Every structure is written in structure tokens, then in C-alpha cells.
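Can you read through this structure? Questions will come right after.
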Amino acid sequence: MSTVLLIFYILSAVTLATAFLTIYTKNPIHSAIYLVICMVSIMGHYLLFNAQFLALVQLIVYAGAIMVLFLFTLMLMNLNKEDEVHKPRMTRYAAIIVFIVLSAVLVYVFTDTKPIMGEYDYTGEDFQSIKTLGKVLLNEYMVPFEFASILLLAAMLGVVLVSKKEKDAN
Amino acid sequence: MEKNLVLVLLLAPFVGFLVNVFFGKKAGKGMAGALGTVAVALSFVLSVYFFLQVNQTAKPIAVKLFDWISVSNFKLDFGILLDQLSLLWLLFVTGIGSLIHLYSISYMHDDENMHKFFSYLNLFVFFMITLVVGSNILIMFIGWEGVGLCSYLLIGFWYKNQDYNDAAKKAFIMNRIGDLGFLIGIFILGSMFSTLDYGQLKAAITAGNADTAKLTVAALCLFIGATGKSAQLPLYTWLPDAMAGPTPVSALIHAATMVTAGIFMITRLNFLFDLTPFVQNIIAIVGAVTALVAASIGLLQNDIKKVLAYSTVSQLGLMFLALGLGAYNVAVFHVITHAFFKACLFLGSGSVIHAMHHEQDMRRMGGLRKIMPITFMTMLIATLAISGIPPFSGFFSKDEILMTAFHANIPLWVIASLASIMTAFYMFRLMYLTFYKDFRGTEEQKHHLHESPGLITFPLIVLAILSLVGGLISLPFGNSWLNQYLAPLFSEAHHAEHHLGTTEYTLMAIAVAGGLIGIGLAYNKYLKGGYVPKEDQDIDGFAKTVYNKYYVDEAYMALIVKPINGLSNFFRETLEPALSRLVYGLGSLANGLGSLGSRVQNGSIGLYLFAFVIGFSAIFIYLFLANK
Amino acid sequence: MENILNHIGIENYIFLSVILFCIGVFGVLYRRNAIIVFMSIEIMLNAVNLLFVAFSTYHQDAEGQVFVFFSMAVAAAEVAVGLAILVAIFRNIGSIDIANLKNLKG
């Protein structure tokens, strides 16, 4: 077993375990922490692919910005108590069944589509260095890139508008 | 000009109806009556005008008013046809109609709804004219239904009496049964020939390449219609009950005009019936049997109008006998003479009833001869006419029928002769009971007895004269004006006059002798013997069966009405609740499903998410399997 | 190091990604806390991102990674707005239990 494969297995184990724990643990703060670990392990996967740019962005956006937002919100709501009532048993069983069925279907679908994908043939061409990516992003995807910035601006304004306390509401 | 006059002829009674309906109450009784009478009299005058014209030129007057129906290859004009037949009918419909209107002014004077009475009568005359003058069967059907409606309205004119309302309903429903047959007959003819116009039908049918079986069915259906309207077996029971209406109505509608519509129809379509000997046989047999049965019932009736009603049914039976034997002109002749003397008889009985303050039972009458001489004389003339005593009109027409029957079929002749002997008997029984011996009513009635006023006696006198001389239009000595007049309508076969030989004179003698025998029997029993019919509860034996009209009404009740009622009850009590339960069940099922479905949509995001994921998975699986 | 998929194989990434995605779905269905549901959605997004990158490498094409980049931008905006809405809801009804959010009923 090669080192790379070993690293992959370890990372995958961490990813799946923390993802599961995110959902399973009752304390929302713990969930958030597990989620951070999950995001970081996914960053590890990106590094394995040598997708350096995405790994950085993953770290900054997910593990940084988004998770901080989550934590802030949790603290704002003071939800650290383990006060969540479980869903009815029926619902939980149904969720488990759906989980199993969906996994089976998706796995089957993806393995079944392999012949269409063709065999992996590595040419060694550079396609994912930050430099190459930057060129693609700012040439072909210039307009969507700008739109993304507008989207973020709009989201920011929206957030301010939604979460602002309305004075005349009381 | 001609077209306008025709329209006036047709619409004058209708205008009279409209005016009487809307303004009759305000105008007052005398005005309403006068208006109704003038409207009909106007039609009569125009009828005479057209009659004289056609009689001279022998050319029918056809007026097309407008295109009526035009569907695919089926075309029908709304037209008016004034030919020999329709003019003859017009003459006595409007003529007798005018007299009866005149009579009603006096007869109905005490009634609070007099304007209504006259508006109905006018409407009736309008529909009768429509029936007669239409240029195709469908217009005839309109008139046919219209006179049925008016008959219903007038029978139930005194609507406060439930029995009268029942009689009206009975008449209407019985007529409906026949009308259904008529309608089916029309449909068959229409589908076969794509036209209902008399002229075109005649051309198409006499061309001879029509399906005889279909024609027979059509003719049979039409005859069923005729049995309804003209009160033949088995649909005759409404006519005696129809006597619930005011007496002028009985005279006009249920004796002289409307009930002859069936004869008019068959005569009009003689070319059709000529080709269907099977139906002709049925008509002859039905007519003869009806004549005998109705006459035998008439023997024992005690209600003066019921006697006349059964007499009418019996006489109509004789006419149908003639029709069935193909002697259309003879039937028409009898229709005319019958219209005269039967209207006279009914109006006379109305005069008697008027004097008796609406007492109709002959057992309570008697001795009226001295008090009401004009009524007596006119009724006596009419009675002699109906009994077939020469030289009164009834002798000629009845004799022709009997002669025709003798030449065609001896048993039918025997039946018809029996019926006319009975007719003579019960008519003179009526006369003796009503006018001879002593008065049998109450003192109070006796005190009020009086001869009727001039407005009542004048029509009686006119009709009596007509009954006396009506036979002149078709004398048996080879110079029958009527036969020549009607000749263009019928095929050649009926032109042949009866050769007057010994047989014919013998037959005449037998007929007269039969009438005299009937009179003699009545004389012996009721005048000489002074016999007065027993009270209802004392009647027994076979007489009771006859008195109760052979229990035909009861049989109809038990055989038809009861089962239908039972069926309706079954439907109402079993089927209808079951059906409504089914319908309500479906409704509440949908409701339940809806509320079940709406419980899914409870606003719970968790459930929505579940649905979303499951749906997503399902689509995924489906797409995958479908593309595999 | 370059030909990483020679060592690991695309199938492993597919399995990983699918299972991660299904864990996300499971979380959405399993939990009632709206914030955890949100986190589950993030997990699903990441699973898809991971698969994008894997196929990007497989096809040696940068466009997959560009898509991931955009998806992250959208996710960031979505999380921001979503959390703001949750905060507003929490202020109004004092709970973010999705069982209590029944206002979607028509």
C-alpha cells in the first residue's frame, strides 16, 4: 500500500467520521467544531490533488468565514444547551432508510457510468496551478466572476437588512 | 292580398286570445265574449270566401309563409295549404265554433273567469285552424299538441274541483300516449323521405319504391296518434271524463272538432294508408269494436253528458270503420253531419243543464218538453239525425258507412248495425227520460225551470236546421256533391260510386228498420213502461259491469297505473337513496382524500424535506432505469 | 505525486463523495435544529465540490475547479443570508426547531 493511499484512507476516515459526528452530536457547538475538522480534512483532499488554490480558498472561506458565522450565530442564540428534542422514532428510521437507499442508488449509478468516463490518462500537463487557474478564471469566466462579486455584495446587504432589528416592530 | 287574408284567417282567433288574456278582465264579460265570437266569426267569413273560391276553381291555395327547417337535405317550409279537405274542416270548425262562442256568452255569463274561458276557446280555434291548414305534418303536429293543451285547460276550467282536474290530467296523459305514436310516425316518415310536406310525401310514397314494412310501421304509429286524439280503443277513456268541462267545450272540442283530428289526419295521409292494407284492417276493426263497446256502455249511463260522450266515441268508431275500409269521403261526410247533430245535442243538453242548475243526472229530470220547447225540438231533430232516420242528415252518412261495410266485410257490417241500433235506443232513452213524463227533480229546481235565452237557442236552431239538411251535400242517388268536391284528394279507386241496386235499397231499409227498432224499444221501456233507471247502489248483474264502463278504468288503473306507481315508489324509496348515497359517498370520499392530502401539507419543513428527498431519489432512480 | 489518481483511483473518491453527500442528506432529515440542518447542507455542498475537483483532475481540466470556486462563493452568500434569516426567525418565535416552523402552511 502506497503512502498516498494510506494518507487518503486516513483523511477519508477523518472526513466521514467528523461529518457524521457533526450530525450526531447533540451540542451545536460541538457540531460546529466537528464541521471545521471536516472542512480541513477536505482541504487535505484538495492538497492531495495538488489543487492549491482551492485548498486555500476552502480553508479561508469554509473553515474560516462560514464556520465563524455559524459559531457567532450559535452564540447569539445561546443554543449551547443540549435541549433539542429528538424527532419521532418513525422519522428517524425513515431518515436511516433514505440514507441507505440513496447511498446505494448513487454508488450504483456512479460505478455504472464508468465506461462512459473513459480511462484515466495522465499527460503531466499543468492545468491547476494558481497561475493557470487565474488565467482561466479571468479570461473565459470573467463575467461570472464579476457576477459572483455582485452576488456577494447583494448577500451582504441582504444580511444586514434581514438581521437588523426593526424599531417600529415593537 | 291572398296571403294577407290567409294570415287573418289563421291569426284572428289568436289575436282574440291575446286580447282576452291581457285585457279581457278589464273589458268586462260582454266585451270579452263578443270579442272572442267576432274573432272566430271573422275566420268563418274568410273560410267561406276561400271555400267558394276553391269550389269554383278546384285549385288549392298554397301560401308559403317562411322557410322553417333546413337541415342537411331535410327542408321544410312553414306553409298554408287551403285545399278541399282543409277548407271543409275550416268551415265547420269556425262555423260551429262561432255558434258555440255565441252560445257561451250566455251559458258562461255567471262565471267569474269568463274572459279566460273565451281566451282558451279562441286559442283552441287558432290551434285547430293551424292543425287543419298546415302544409306539412309537423305543422299539423303543432296544432295537434295545441288543441290538446286547450282541451286540458278547458276540461279543468273549473279548477277548484279536484275531480275535474284529474279528468283534465287524464285527458292530457292519454293524449300524450297517442302523441308519442304520432311523433314516431312523423320521424319515420321524415327519415324515409326527407320531407314532411303533404305534396312531396304523396309524390314520394305513390312513386312506389318505398319500404312497405317501414311504411306500415309509420302508418301504425300515426294511427296510434289518431286513437289518442279521436278517443278510440284502447285510449278512449279520457273522453267521457272530459265531460267535466263546461258544456260548450264538450260540444266544440269533444264532439265536433278536436276529436275529429284523427280522422282528418288519416284522410290527409290517405295515400299512405292506401298502401298499408294491414293498418287499414286494424283501423276498421278498432273502429267497429269501439263503436259497439262505446254504444253498449252508453245504453246504461244516467249522466246526460256521459251518454252523449259515449255516443261520440261510438260515432267516431264508425268513422274509423269507414276510414279503414278506404272510404275516406264517407268518413268525412259523417264527420260533418256528426259535427252538426252532436254539437246540437251537446248544446241542447247544456241548455237543459243550465235550466237545471248544473244537474246532469237524467233520473232527476223529466217533463221538460213543455217548459223548454225550443230545446226539445232542436234536440229531437238531432236525435232523429243520429238515429239514422230519413231524411235527417245522419241517415245519409251512416247509411253510406254501413253500405261500405256491407260490401267489404259482413261481420263488420253486423257490428256497425248493432252499434247504430243501440245508438237509436240510448238516444231516445235520453230524450224520453229528459223531456217526457213528469219532472223528478226537487221542488226548488222545478221552480227555476225556464227556457233558455235567445243566445242559447239561436245556435241550437241553426244546428238543428243543419242536422236536418246536412245530408244534402252527399245524396246517395248518384249525384253526391261531396264526393265530386273531394275527388281530387283521393286515388282513383275510391271514385266508384255504389251502384244503387236492390241490395242497396234493402240495406237502407234494414238500417232504417234498425233505427226504428231501437226507438221502439226505448219507447216501450221508458215512455210506455215509465221505467226510470235504478239508483247507483241498486244496479247489479251484468248491468253493473256495463254501468261501470266494463271496469276499463279500473283495469287500466290496476294494469298500468299501479305497476308504474309501484315502479316509481321503488325508484324513489330504493334506487334514489342508493344513488344519492353513492353520489354523496363519492363526494365524501373525495373530501376525505382531500383532507388526507391536506394533512400532508401541514407546514412542517421536516416533512417537506422528506418529500423532497424521496421525490428526488425517485426521479433519479426512474431516469437511471429508463436510460439504461 | 502527479498522477495521484493512479495511486488512489477515481472510484474511491466517488465512494467518499457519495457517502459524504448521503451523510448530509441524512443530517437534513434527522435533525430538527435548523443550524445543524444548515451544516448538513454545507457537508453536501462540500461532497459535490470534492467530486468536482476529483473529476477535474481526472480530465485534467481547470473548469471543474473554476466551478468549485463559484460554488464556494454562492455557498458563502447562502450561508450568510440563511443564518441572517435564522436569526430573524429566532428573534420572532424564540426557537429554530424546524418542527416549530409551520408558517409554510398555505
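Worth pointing out:
To keep things simple, chains are lettered A, B and C as they appear, and every chain counts its residues starting from 1.
The working rule: contacts are C-beta pairs under 8 Å (C-beta built on N, C-alpha and C of every residue); 3 or more make two chains touch, one makes a residue touch a chain.
These numbers were taken from a predicted model, which means no experiment stands behind them.
Among the remaining chains, B is positioned farthest from subunit A, on the basis of C-alpha centroids. In terms of C-beta pairs in contact, B-C outnumbers the other of A-B and B-C.
Averaged C-alpha coordinates put the centre of subunit A at 5 Å from the centre of subunit C. Subunit A and subunit B have centres, each the mean of its CA atoms, that are 97 Å apart.
Subunit B and subunit C have Cα centroids separated by 93 Å.
Within subunit A, contacts with two or more other chains are made by residues 87, 91, 94-95, 98, 102, 106. Of all residues in subunit B, those touching 2 or more other chains are 606, 610, 613, listed in ascending order. Along subunit C, residues 25, 29, 32, 99 each make contact with two or more other chains. Subunit A meets subunit C in the complex at residues 2, 4-5, 8, 12, 15-16, 19-20, 22-23, 28, 31-32, 35, 38-39, 42, 45-46, 48-51, 53-54, 57-58, 61-62, 65-66, 69-70, 73-74, 76-77, 79, 84-87, 91-92, 94-96, 98-99, 102-103, 106-107, 110-111, 114, 117, 120, 122-125, 127-128, 132-133, 136-137, 141, 144, 148, 151-152, 154-156, 158-160, 162-163, 165. Taken in their complex, subunit C has these residues touching subunit B: 25, 28-29, 32, 98-99, 101-106.
On subunit B, the positions that touch subunit A within their shared complex are 606, 610, 613-614, 617, 620-621, 624. If you check the complex, the residues on subunit C that touch subunit A are 1-8, 10-12, 14-16, 18-27, 29-33, 35-36, 38-40, 42-43, 46, 49-50, 53-54, 56-58, 60-63, 65-66, 68-70, 72-81, 83-88, 90-91, 96-97, 99.
Residues 87, 91, 94-95, 98, 101-102, 105-106, 109, 112 of subunit A are the ones touching subunit B in the complex.
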